[in-house]
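Labels run A, B and C following the written order; every chain starts at residue 1.
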Amino acid sequence: MLTDAIPLTDHHCHGILGADLDRPHFERFLGEGPRGTFDSALGLAVRRYCAPLLDLPAHASPDEYLDRRVELGWREVTARLLRGAGVTRWLVDTGFWPELDDGAAQPHSTFTVPVHPGVRHRIRDNGPASDPGLRFVARRDAQLAEFRDLSGGAVEEVVRLEQVAEYVIAQRRTSPTLFAEIENALRERARHAVAFKTIVAYRCGLNFPLVDSPPATVSSETRLSDPHLIGWLVGLGARLGAELGLPLQFHTGFGDHDLRLDHADPLLLTDFLRTTSGSGLTVMLLHCWPFHRQASYLAHIFDHVRIDLGLAIPHIGSRAGSVLAETLELAPFRSLCYSSDGFGLPELHYLGAVLWRRGLARLLDEWIADDAITTADAEALVLAIAEGNAHRVYPRSEECGASTRT
Amino acid sequence: MLTDAIPLTDHHCHGILGADLDRPHFERFLGEGPRGTFDSALGLAVRRYCAPLLDLPAHASPDEYLDRRVELGWREVTARLLRGAGVTRWLVDTGFWPELDDGAAQPHSTFTVPVHPGVRHRIRDNGPASDPGLRFVARRDAQLAEFRDLSGGAVEEVVRLEQVAEYVIAQRRTSPTLFAEIENALRERARHAVAFKTIVAYRCGLNFPLVDSPPATVSSETRLSDPHLIGWLVGLGARLGAELGLPLQFHTGFGDHDLRLDHADPLLLTDFLRTTSGSGLTVMLLHCWPFHRQASYLAHIFDHVRIDLGLAIPHIGSRAGSVLAETLELAPFRSLCYSSDGFGLPELHYLGAVLWRRGLARLLDEWIADDAITTADAEALVLAIAEGNAHRVYPRSEECGASTRT
Amino acid sequence: MLTDAIPLTDHHCHGILGADLDRPHFERFLGEGPRGTFDSALGLAVRRYCAPLLDLPAHASPDEYLDRRVELGWREVTARLLRGAGVTRWLVDTGFWPELDDGAAQPHSTFTVPVHPGVRHRIRDNGPASDPGLRFVARRDAQLAEFRDLSGGAVEEVVRLEQVAEYVIAQRRTSPTLFAEIENALRERARHAVAFKTIVAYRCGLNFPLVDSPPATVSSETRLSDPHLIGWLVGLGARLGAELGLPLQFHTGFGDHDLRLDHADPLLLTDFLRTTSGSGLTVMLLHCWPFHRQASYLAHIFDHVRIDLGLAIPHIGSRAGSVLAETLELAPFRSLCYSSDGFGLPELHYLGAVLWRRGLARLLDEWIADDAITTADAEALVLAIAEGNAHRVYPRSEECGASTRT
């Protein structure tokens, strides 16, 4: 197949759960609901495609698979799956690291507050043990380093707007310069990052208000939910992204049970896209399913929009080719990128790659057989989606995971 | 094919029109608009798959088909088609029985008010001829018995919330205990039923208000339309369903001309599903098309959601496999059930089964050829959708059509 | 293939850009955004299917294609492509003629105000050079005559409601009989037209208010945007269409960057369709993608609705068959019409026809191979979509482009 040996850039994924998992804990991560199941297209794909990398026959039973997974140990399994994906560059959202929520032992305990050097000095007075900023830096660096070791690829950081803001607000809510401090924290984080990301779809939906000025007051909630505040934050991210050359990723479409899917239709971003068109910002619409045709329309209309199918690909198994076909009806070929959105289980990072390769190969084989495209053009299209389109919009770190821009 | 000999549970259908039909009357029931047409995917399927059961060649012309249908008589035709469906268990919505609305002779004249034993005694004073409750019971029992005789399968009852409420309100609107009487009527009907059903999608849409208390006043309309009253009624059905172990079926998606399709998107149920998650209620989303991907997302996220494709399957003819494929992208395999939503014409009950068998068989043959699933797993999946998933959520009557629970 | 030799009626298209184009100017018309690209399904289709008509090999490079296009000259290229489409009847929207907006030489300079004979006399006093009504008539007649010459087919006119109204308002905004004058202008234009068209989807969206009376005041904007005024205008168009036997075309779904796609979902027309059902009006839903299943539902429910896939077909390339299949799931066979929505580039008029022929042929070949339809029925279906369905709803001009009804 055309796609077998192509190196990929996975431009949006998350960390790995560093723990050996029993079936309930494994299945919890097999779905976006409170718990998933092997009894699904995704479960079939794990058994079909991941089992052989663990030296099992294809279609091993769930229990055989999980026994062998524990036998090898999560570290070995993770290395095999991440390396098997053929990904040379991973852009990792560090804002939300997978964790077990039941107190089970986990080498990678999570720490979700982002570094904010602007306030680091002040709270350092309380001693390192209570300095969440320093601890975040140390943990994040360790997590990314381990991801790099296990995967053998370059690892770079995507910074989540909401968690930087939430951290600064938690520390400095009553400061008269609160909003400037949020901006400073984002600028500091951006020095070592390749993109911003927003999960506004989860908070007030994609029809957030387009506002230029922050709200008069900020509540003491730890989870941002005020639409005015979030709207301002997204606008800030868009402005900084345009200034610094960092794309702004939006969660859209399919996501976890914290989402209202009808508030995540990317068409709700139309006014935002009109506002940012020509500003220099690149907007990346993640996942999109089941609104992937709507997303492809936005990529068709707006030069600064890019899209992917993200976590839809690993979840839908052998249907990946059909969904790619629907997406390519209208999306310009420059606009589609590859990502796995893998979270917690390296099976997801691997299946994203395998199913994308198989689905796109099958689709292009059909197009070639139909004489709708030449082999050379098909190869160029594969390369573009695999990494070329991403490389054109994301800055390249000078050193893996530690790019510096000013 | 994998699916040929599998017995089905048709977990949502309606009664048969007991009449010999000319072409205009037959075509009226071939669509969900005021009138359908042979000139459609459904019409092709009738000629292709139903004609042989009437001893005609496949693709017989509409007039040949209808002439033969009259020659055999509706009773013989109904028996052949219902028995040909291979359905061993029918769950029948008795709230709305098909009828001809032009005064043509019909053995099964319709009587849509539901029994309400709580008021039966009082209105019995007016004599049996004027007692709608008693007449409903007698008619319903005769209808279900005839359905059982013609189909040769077990027949059980699904109770429609709106019509129980409308009946009680018509009799007792000014009673100070009206809402308790509605609840009592539902409890009484539930004793012999396997599920509740709501058509709130037709009344105020699926974004009905989630309210715990009934409204202060009830209008004298015979057709419930007050969103507050309907919201309370659906909440009552959800509470009773959880308590009594009866799933609550929702009409969603594709339906007749009384519907606004955009108000029937199952995503509008998200808040209701969050509220009922963990309550013990099972929610069954019927039909879903063209929002079947959205429905599969809800089944993915919420453990208590089940879905089907209902009347979409007979209507879309040879496209059934593609729509099943789209649905299985994300729906856990435990969540998908089979139904025909057949109404009036036994052709619909039959085509639902035939097209489901063919569509699913073709899809799974492709998956097997693609080595995406083993034959054993594919067989298990067929059995689950055919009846296993339904059997796990619907109570089993002790005797057909007359289960008793307290 | 079944569809190769079938003559088509293209019941909705636009004019041709009469100019030789360099790559930037050509690509501007290859998409609905501010600029399109060869790097898309549409670009592949141009190279695959249009190149051979310019004596080039299939899959010629973009630059080879454009060099040859200039070498032949736009007039020769247009004639080859339009004649190659196999269209015998073109219904052309004259309300918006394609133009280059950068002052480049163009033989067909655009003139978008429609004729309004009722005011022609008055403004004729200013002399012909300043009479936009007369100039519009002359230009339109020249444009349609040239289209007829180049295409070799019959050419008839579709009148856009908004531009007639905008023209009358521009001339007569403060007149006490303004609204009667708009109606008179539409009646005059209708004498030589086969349909009305509205772009209300672009102005206030398809959930425009259903109002019977015009607003009290009319602003001086040249571009209609008051929802009340537009709602009245659409209602007027519906009334005149029913009276005069002219279908009313609605832009729905996919369109250019001036659109909010979520406001163009044809389901938003449900109340309008209920209101006009039985009035004698035929409503034509254009384009529909990605809401084509929703549109097919409306065609299923409402006898007076017809649909097409319009500009989706040329844009989506080899996916045309799949989108046709999704549309035919529920659309009665009488309801689907063919159009290209070709605008500016005759490549679009040609590709609409070629991709429709290929897509429908492939779909029906599958149905025939599956024994879901007979060859005779498939041929009848092709003829119906190709032209029969359109001929049943559009009046036939007595002479091409100059029909007269009173």
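The rule we apply is simple: a residue touches a chain if its C-beta (ideal position, glycine included) is under 8 Å from a C-beta of that chain, and two chains touch if they have at least 3 such contacts.
On a predicted model such as this, the values are computed, not experimentally measured, just so you know.
Asks: I want to confirm something about subunit A and subunit B. Since they are copies of the same sequence, is their interface symmetric in residue numbering (over half shared, so same) or not (under half, so different)?
Replies: Result for this pair: different.
Asks: Fit subunit A onto subunit C over the CA trace and report the rotation angle, somewhere between 0 and 180 degrees, nearest 5.
Replies: It works out to 120 degrees.
Asks: Between subunit A and subunit B, what's the gap in Å when you average each chain's C-alpha atoms?
Replies: Chain centres of subunit A and subunit B, defined by C-alpha means, are spaced 41 Å apart.
Asks: Taking each residue of subunit B in turn, which ones touch at least two of the other chains?
Replies: Subunit B, residues with two or more chain partners: not present.
Asks: Given the complex with subunit A, which residues does subunit C contribute to the contact?
Replies: 31-37, 39-41, 44-45, 48, 58-59, 254, 256-257, 260-262, 289-290, 312, 315-319, 322-323
Asks: Over in the complex, which subunit A residues touch subunit C? Could you list them?
Replies: Against subunit C, the touching part of subunit A is residues 265, 267-268, 270-271, 293-294, 297, 300-303, 325-326, 328-334, 367, 370-374, 377.
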